[in-house]
Amino acid sequence: MSLATILGVLSGFGLFVISILLSTDNYALFVNWPSFIMVLGGTFAATFISFEPRYVFNALKVMSSILFNSEISRAILTHEVGRIIRWGYIIQKNGLPGLESDAQKVRKQDRFLGYGIDLVVSGYTGQEVREILANTVETTFQRQVVQADILKNMGATAPAFGMIGTLVGLIIMLDNMGSDPSQLGPGLAVALVTTLYGVLAARLIFLPAASKIKQREEIIRYRNYLVAEGLALLAERKSPRYIQDRMNSYLDPSIHFSIDKMRGRSGE
Amino acid sequence: MSLATILGVLSGFGLFVISILLSTDNYALFVNWPSFIMVLGGTFAATFISFEPRYVFNALKVMSSILFNSEISRAILTHEVGRIIRWGYIIQKNGLPGLESDAQKVRKQDRFLGYGIDLVVSGYTGQEVREILANTVETTFQRQVVQADILKNMGATAPAFGMIGTLVGLIIMLDNMGSDPSQLGPGLAVALVTTLYGVLAARLIFLPAASKIKQREEIIRYRNYLVAEGLALLAERKSPRYIQDRMNSYLDPSIHFSIDKMRGRSGE
Amino acid sequence: MSLATILGVLSGFGLFVISILLSTDNYALFVNWPSFIMVLGGTFAATFISFEPRYVFNALKVMSSILFNSEISRAILTHEVGRIIRWGYIIQKNGLPGLESDAQKVRKQDRFLGYGIDLVVSGYTGQEVREILANTVETTFQRQVVQADILKNMGATAPAFGMIGTLVGLIIMLDNMGSDPSQLGPGLAVALVTTLYGVLAARLIFLPAASKIKQREEIIRYRNYLVAEGLALLAERKSPRYIQDRMNSYLDPSIHFSIDKMRGRSGE
Amino acid sequence: MSLATILGVLSGFGLFVISILLSTDNYALFVNWPSFIMVLGGTFAATFISFEPRYVFNALKVMSSILFNSEISRAILTHEVGRIIRWGYIIQKNGLPGLESDAQKVRKQDRFLGYGIDLVVSGYTGQEVREILANTVETTFQRQVVQADILKNMGATAPAFGMIGTLVGLIIMLDNMGSDPSQLGPGLAVALVTTLYGVLAARLIFLPAASKIKQREEIIRYRNYLVAEGLALLAERKSPRYIQDRMNSYLDPSIHFSIDKMRGRSGE
Amino acid sequence: MSLATILGVLSGFGLFVISILLSTDNYALFVNWPSFIMVLGGTFAATFISFEPRYVFNALKVMSSILFNSEISRAILTHEVGRIIRWGYIIQKNGLPGLESDAQKVRKQDRFLGYGIDLVVSGYTGQEVREILANTVETTFQRQVVQADILKNMGATAPAFGMIGTLVGLIIMLDNMGSDPSQLGPGLAVALVTTLYGVLAARLIFLPAASKIKQREEIIRYRNYLVAEGLALLAERKSPRYIQDRMNSYLDPSIHFSIDKMRGRSGE
């Protein structure tokens, strides 16, 4: 579970609820089902007109994934460099067939890596591996980022439907004003609840989810480019040390992979 | 018919109508022809000044197309890869003339593919096919995306004319306020209906239509690039297996095309 | 004359005037010279500080051009392809000097084409022609698009000065409120007229003009790239059929130029 | 002096002052020192947090430069082409050393041109001259454009501080409303003056200055690319006529430089 | 300490406090803990949902760094050029091993430069050094700029939560209006304080911090590209004078490095 996301959601709505409970006894005022249906219903209606439904369902499924931790951390990047370098040594010793046993394990866990290693084993040149995998990385990223775009779009639509709901309430209220002016205040209060729902849904749900999903996809793309570069260097039969220098250029200097240190450590 | 689009439109307007019917008996309040004419008329007037009329008519025609399903789905992408690979085998056996019978069928159904296959049959090199078709894909996309731009522009113009209508109503109402203050409320209600129309037209019609059209054109462009790459590889006389690996880089790993599986299946 | 533009302007302002005449007898309310001067004067003052005056005058001159039809239509693109292909045949028969008589005619009508044909006749290579003309197309486009940018800027400035005028009116009115509260309504009405002018000027004049000018310049750029590609192919002494295939990649498949059809037609 | 800028500033503020004088006798209402300090002070405080101080001072210095005319006009572009072509003839006659006397004059007037001519005289190849000068042009442009960015940022900050000032005034006024409701109007009037100052400062000073500075820097960049191309062609020892054709691609066809005309004129 | 930043923060908040103290005795009105918690709490909650927590903590740590001076000034750029040129002379005399003693010192101070010099000493070609270091510069910049993006996002979120708080206050107040209309003013005043906090936090803290951090990272990237180019030229064994001309293209002409001047100075 992603503690930060869950705490964020809980504390965001918690602050909101507490500030209401402290300010008024009439907290029922803030629970208004028609407003709720107007905002969420309108947002979903507009979203299903705006995007193909299978993308929308995907976006909602991915949205729930932000409650869990991302699989990729800084440590994993160094780990990937180490793995590629190890493969470099295997190729130096046993040639490409030596990769086969590792390749089989990898294929099940990680489709991208499996596809890449298959290209290397099939004997594609480094440049071909680089081009083919770069194309895979970009098209995968574009497919995934659509979901962040849909959520961002919902984040822009929700306040608009909040405003539409408020306008409806306002018009009805103003029309009645002549007959009963004392209802001006409470009527306006009810109308504004819809705006509140729209802004709240956008700022605590849709926009943050879009942001986190996009950030995670960018990290995955980054990791994939790193791996693709490593596989291309393997296909070019570069020395492990060359691979190390080249792949380190993707890492923060503080986590640069060092063959010497690895040896030292494994030699202990 | 595209169920999602139609349900989206119906439920969007339905929610709106129901919420009004539940809130007030005076629902005639929300039907205001002058407001309607002001918003739609103003939007169309501004659009015809902003864009050449033949593009505007195109945009409106395309807008109605989103009520129908898109022709391109994920399954079609794998199908395209399969077709190109089959052509690869034909060329291996019978040379380029072997494509002629397929080419004739294709020319009628799909102008882009027909143009591409003509280039391959005419003996252009792979690089020439790639460049020429890439140019076709991009210029086609830019021609089509203008329509999404026009609808997006209308989505920005409609609320502005809603606001203009509200300002007109407001000014007239405020001017009369001295003589009859009790009319303040109802007058303001009528003025706000125009804003409501503008926002509603933008959020449930123009912006979603622009979004869906753009998304569909992007998918078509994606499919066309896939096909163009395949045709270029055919022109380069690459082996079917090379074509498979190269084109798979455009597909999600879960739908990668596999010659071996196809054979197994057709061998059953 | 561009019927769409003129009808757009007339119907836009017409709707506005009619809706006012129907709603109030006191239509003098909407004619307020100080507001008019504030919005237009402020917009022009800010524009002359923002841009060099000769560009501003150009922008205003170009703005009036949208009342006339654009010179470039779809038919013209096919026509250009035909002309280049005809020149290809002339070069095949008589060499580059054969172009001279056509070149002289063209030079007077169309400076860009004249410049391009001069390059071809001077014996520049295809790549040189392509680079030099691409540079001309881009620098010309950038020079022209400044005018659309200026009008877009005016479209953003006009509502801001509308708001400034309204603020001035509001401040004066509020200051007097203590002494004579009955003037609140009419005072506010007058103040809001300035906002109305600003939004109206932006939405019916400046923004649409900017949009149409930009669209037209993009079409001209498109046509110029098409012509430049054709001239480069002529300089490379490509066969007319090659030129046809290459240039068709710029056209919609439904208007592809076909040498065979042209021959059939001229043979009738 | 740049007449347009000065007239723009004077007429912008003039219109504003006149419209106030005509509307109210109590024009002292619009002179409010605390509002003035709040808007300008807040804007400068935020700007000094946002940017390194030496860039801010530079931006203010450059801002005053828009009161003067730009040094670069269309005529100068043709003049630059002529100068480069003249140098081309000198190199044809006397080789690179022939440029030395001109180079010395130029070095003092125009550092960019001086640096470029030094590269040519030092014997760099055309491609090296092109790359080195392109780098100089871009890095110079990016250094200069920061100042336009700062002013644009101030143009966004000023209305925000106007709004902050108005909020402060509004809060104080609303809090007093219970005790003395007749002060509502005048209090609100004073509060709104701050918003007015913010919008006015943004629309008549900061944003126009940012726009003009950016436009001027773009023109300088354009001229520098033209000169860089010319110097690269000199380093490549291209013929003057080739230089003419190549550099003309940067100019509007109506001001194309023509060696023949120049000769005709100097021959008179 | 960065005087400008600190003065900016102090004077920004100072102006604000003084203007309040001068305008009202009831300054407690502007200290409202619930509003404060709503704005800051909501902003942080949304930020932790939007971004992985370790990036958020980084962003806050970096935010405090703007209270200190940047390490990179114009003088340092010239200094870097001088150092690379000095290394060029060392390589001319003693070959690559001559760099070793300098390399050791540098590795501890500056990881980027240490990594780069290691590449040169390891014998990579100029082109390899250029590509590897360019990759390092870009990936480092992208990692760092995330922090500016997070702060910018907080700058957009804070006013939204200010508005949410104001809506909550407004709804409660309007609901009570029927029972006690005299509380309208003070209630609205309290509600607006939340909006004030949100705008103030955005305009004096989050947005300026984001701007300054981004600017500093851009300067670091610029310096790193300069150094990377220099190291690549060293790897290509270019002459010191060539290195000088090439690297000067990154500097403002007024601070161009000159070997001759340096010699003259050191010869004194």
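In this document, chain identifiers A, B, C, D and E correspond to the written order of the chains, with residue numbering beginning at 1 in each.
Convention: a contact is a pair of C-beta atoms (placed from the backbone, for glycine too) under 8 Å apart; a residue touches a chain by one contact, two chains touch by 3 or more.
The structure displayed is predicted, hence computed values, not measured ones.
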Checklist line | Minimal step count in the chain contact network, subunit B to subunit C | finding: 1
Notebook entry, point to check: Which integer distance in Å separates the CA centroid of subunit D from that of subunit E?
Noted result: 25
Note to self: Measuring centre to centre with CA averages, how many angstrom lie between subunit B and subunit D?
What the structure shows: 40
Notebook entry, point to check: In subunit D, which residues are in touch with two or more of the other chains?
Noted result: none
Check: Which of line, ring, star, complete or other matches the graph of chains that touch?
Finding: ring
Item checked: Ring of chains, enumerated from subunit A in the sense that reaches subunit E first -> A, E, D, C, B
Margin query: Give the list of subunit C residues in touch with subunit B in this complex.
Written below: 3-5, 7-9, 11-12, 15-16, 19-20, 22-24, 26, 29-30, 66, 70, 182-186, 188-189, 192-193, 195-196, 199-200, 202-204, 207-209, 211-212, 215-216, 222, 245-246, 248-254, 256
Next item on the list: Flag every residue of subunit D that touches subunit E in the complex, lowest number first.
Entry: 34, 37-38, 41-42, 44-53, 55-56, 111-112, 114-115, 119, 122, 124, 132-133, 135-136, 139-140, 143, 146, 153, 157, 160-161, 163-165, 167-178
